[in-house]
Amino acid sequence: MKFAVVVFPGSNCDADCFHVIKNVLKQPVEYVWHQESDISHFDCVILPGGFSYGDYLRTGAIARFSPVMNSVQPFAKKGGLVLGICNGFQILLEAGLLPGAMMRNSSLKFVCKYVYLRPENVKTRFTEQYQKTEVLKIPVAHGEGNYFVEPDVLKKMNAQGQIVFRYCDEQGEVTRDSNPNGSLENIAGIINEEGNVLGMMPHPERASEQILGSEDGRKIFESIIKAIMK
Amino acid sequence: MSSLMMMTEDIITQHGLTLEEYDRIKVFLGREPNFLELGLFSVMWSEHCGYKNSKLELKKLPTTGSGILIKAGEENAGAIDIGDDWCIVFKMESHNHPSAIEPFQGAATGVGGIIRDIFTMGARPIALMDSLRFGRLDEAKTRSLMTGVVSGIAHYGNCIGIPTVGGEVYFEESYSTNPLVNVFCLGIARKKDLVKGKAVGMGNPVFYVGSSTGRDGIHGATFASDELTEKSHEDRPSVQTADPFMEKLLVEACLELFKKPGCVVGVQDMGAAGLTCSTCETASRGNSGIEIDVELVPRRETGMNPYEIMLSESQERMLVIAQKGKEDEVLKTFEKWGLHAALVGHVTDTGRMVVKEKGKVVADVPSKALTDEAPLYKRPAKRPAYLDEVNRLPDLSPEKSNYTNELLQLLSEPNIASKQWVYEQYDHMVMDNTVVLPGSDAAVLRLKEAGKYLAMSSDCNGRYCYLDAYQGTLMAVAECARNVVISGGRPVGLTDCLNFGNPLKPESFWMLQKAIEAIRDACLKFEIPVTGGNVSLYNESPQGAIFPTPTMGVVGLIQKESDITTLSFKEEGDLIFLTGGFGKGLGGSEYLWRVLDIQKGPLPAFDLDEEWKLQKFILKAIQKGWLQSAHDTSEGGLAVALAECAMQGKKGALCELKTSGLRG
Amino acid sequence: MIKAKIEVTLKKGVSDPQGLTVQNALKTLQYAGVQDVRIGKYVEIALDARDEKEASEKVKSICEKLLVNPIIEQYRFELERV
Amino acid sequence: MIKAKIEVTLKKGVSDPQGLTVQNALKTLQYAGVQDVRIGKYVEIALDARDEKEASEKVKSICEKLLVNPIIEQYRFELERV
């Protein structure tokens, strides 16, 4: 059982993910520099948050061409688990591993605060530990989390349970006010059809220890560990 | 601009130098300086780098203390021992004038500059705070200025991945055309990993790393010493653009390189006065000399002459002095991070700074003359006449007021209302260390590896200092230290940013002098050493000087996790105690100004000893586990303080005041 | 040397909050008759190419590979001999 | 109706970190011959105006008042009758 945390030039949350997996969940984990290409010996690859290449041009637009991304595609094809958080999610979109695109927050401002999420699909290998009715308190921190996808693809994603998290209010209601960035249908996290590549804008690694204000994000990592141990 | 150009009085004064200063330069050189050499002296002897009008006063500050590892002035920033071979490095800097001209880039480059001061010491930057002051919020110009400054700070801090965990925002008429942007940065290091900014070791190679050099910001350093007159809009192109991505690469590459034994001998960031400052300061600290050839300096524009290259203030650049023989190791590390390191010269033992162009000497100056011989002036000080008039409080006839409406009005005043609109644009959680988020009295961070907790705050009430520079500054230091104490921390160090008017005006200089004396007295009383800081003078505009604003930054060490205290009321039935007694007057208060439209003193009586006893008592009470929460009364006084505790805790409060009030 | 002037704009149907904000700002600044505002990226690339044909192919490939996200963006470009 | 196509670019001499990063990316993607990349804003405004002259004045004023930061940016625009 081994996690990989990929480091792109400009990644910022790599150390946070590394800390949670190594010190909080006590699991083996290694940094993988973006120019490395052999990731076959890992069970789960995490693309962390940050500003890869300064988010210049478009968030994730340049990082997707890093050598390591050429290996992530076949790694995912062979069933390896891939978790893209914030900038990592944007890189997965740019690389075509997940459908849709991220645009600027409708407020045109960066937003860093706690939000509430509803786990829409608790049968994935990333969300098995959650109950359908739970409301998760997990922080966001981004300037471009306004998710868009063509209507026909959205219909298919809804039908196949690919929408994994939606922004909601404290009671679990999906409302306009609880949407921090204008994202389509309050989408906060999605998964590919094969169910092994998850992208989410909120930061679970910032909500895995009570001292920081919430532990609700921990079950994502715990679900991954359980799924791999099976 | 060849060296043959006739040196005229005009050129000298244009460089911000007096004729007497020019004569001293001739003594140091033993001849007339050429144009480039004059440029070197003009930036190094400017107010911004030479502190020529404030150094004599700054010497009064207490910079020693048990925890001090590196004293203020010795290096880029002071360092304090926090035990178990860990230390913290922190400092505050101002970027007022560039932010007035181009808010976004001015504020962003201010953040970039203070971060470089920290990691150039070998410390990992882990926290930022920003202390901002603008004009009135109902003016469109203020709103656009504030939007630019806040988004500039957000752009830099968020992209480089350092959390902005605290700070303050004030709105006063006096800052309308001269905003204050003071930025604080703190880093952490193991004591053995600290790196000195020294050029030592004959023949050691000198590398230039980071962005290539352009013509931006030339005279940036001296620019900060001119008043903001109408003319200042012409010298606009002197503002630089920020590249936080490049600096993120520099932080990671440098910290990785510093851990490789025997590779790096000294390092210095290129701040104001760019290449000039970094070369002569490292040579001066190393008691050595340095020789560089501008031809080897990577540049962004064509046809740049030595004068432009040496004075350019392009951002995100570092000077790294490596150990001879380790050049490949240095180049390899920088290349890994996509950075180009150019060999631009080497260390000598002549004690001189020599600049060449294609091998030909174009400047040859004793480095200590540039760094240690800036003329220091004892300016005349005179108590401003306005003080008598503004410290005479009209009688406040005790007519019936609607206290509820007045409290609601105060809570909605920009100086008091929540600053969520600001700090939610900053990533204040990255690095997983932020235990107490913005909005409390002090930010609290955990240091995962060191197993320790830090509290930090930045404070100043400019109006108090306008009404009484000495007592106002005492209260600024007290409030900043108090914010750390009521969060459970014992203050271990203070940095400051002294934003004052034109020192050549005796009234402004008097206020600077009084403020520095007050910092000395308060720091001695609270046993807090000053670890360094920044002076920003000439903060004036056509309307006159700004409020004298000595911004404080205090960092405290929290003994154990259970000592961490926040201001929100916790449980129903908890008892509320008011310690330190009721306020002693309404002078200078937000209430007087916002509700009764009176901006007058005298300031309420303030006793340093009482404050010191109060702080010691509160810290002990916290450490003994007696307190559920703690909050200090500042703007808006007791009523606002109670309201804030209740609102943040989503609770109420029932209080009975057995006093006749302050108006009688 | 050839200079490519590339305009990258959001596709129709994709919301453009930035354009909307500017449009509202223009209204408050009393500019009458402003019907629509769209904001995109303008990219200038100076590149060596034997002729316009080769330059055009290179620019087209650069746009489709890197500069443009086809899900939400479209592009146009002109070439100028410099 | 007239469509104004406005290009807002950084002034010469102002460093363009974004352009530089894209230029380096193109190098790693094996695009030879790319000498320089500059990235700016492209703004399209559809507005009512009696004639090109009035439209031109209006667009000039909009640029100078709102769209362009004169300290570090410059602009050009073309008009198209729609």
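As written, the chains take the letters A, B, C and D, and residue 1 is the first residue of each chain.
To be clear about the criterion, contacts are C-beta pairs under 8 Å (C-beta built on N, C-alpha and C of every residue); 3 or more make two chains touch, one makes a residue touch a chain.
Note that this is a predicted model, so its numbers are computed, not measured.
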{"item": "Of A-C and A-D, pair with higher C-beta contact tally", "value": "A-C"}
{"item": "Separation of chain A from chain B, taking each centre as the mean of its C-alpha atoms, in whole Å", "value": "37"}
{"item": "Distance from chain C to chain A - Cα centre to Cα centre, in angstrom", "value": "30"}
{"item": "Distance between the centres, which are taken as Cα means, of chain D and chain C, whole angstrom", "value": "9"}
{"item": "Residues within chain A bordering two or more other chains", "value": "53-54, 56-57, 62, 65"}
{"item": "Chain D residues counted as touching two or more neighbouring chains", "value": "17, 21-22, 25, 29, 39"}
{"item": "Numbers and ranges of chain B residues touching at least 2 other chains", "value": "243, 245-246, 338"}
{"item": "Those chain pairs that satisfy the touch definition", "value": "A-B, A-C, A-D, B-D, C-D"}
{"item": "Residues of chain D defined as touching chain B within the complex", "value": "10-11, 13-17, 21, 24, 69-72"}
{"item": "In the complex with chain C, residue positions of chain D that touch it", "value": "1, 5, 7-9, 22, 25-26, 29, 31-49, 58, 61-62, 65-67"}
{"item": "Touching residues (chain side chain A, partner chain D) in the complex", "value": "53-54, 56-57, 62, 65"}
{"item": "Chain D-touching residues of chain B, taken from the complex the two chains share", "value": "101-102, 105, 211, 214-216, 236-237, 239-241, 243, 245-246, 300-301, 314-315, 338"}
{"item": "Chain B residues within the chain A interface of the complex", "value": "151, 154, 158-161, 243-246, 248-249, 337-338, 423-432, 434-435, 437, 446, 448, 561"}
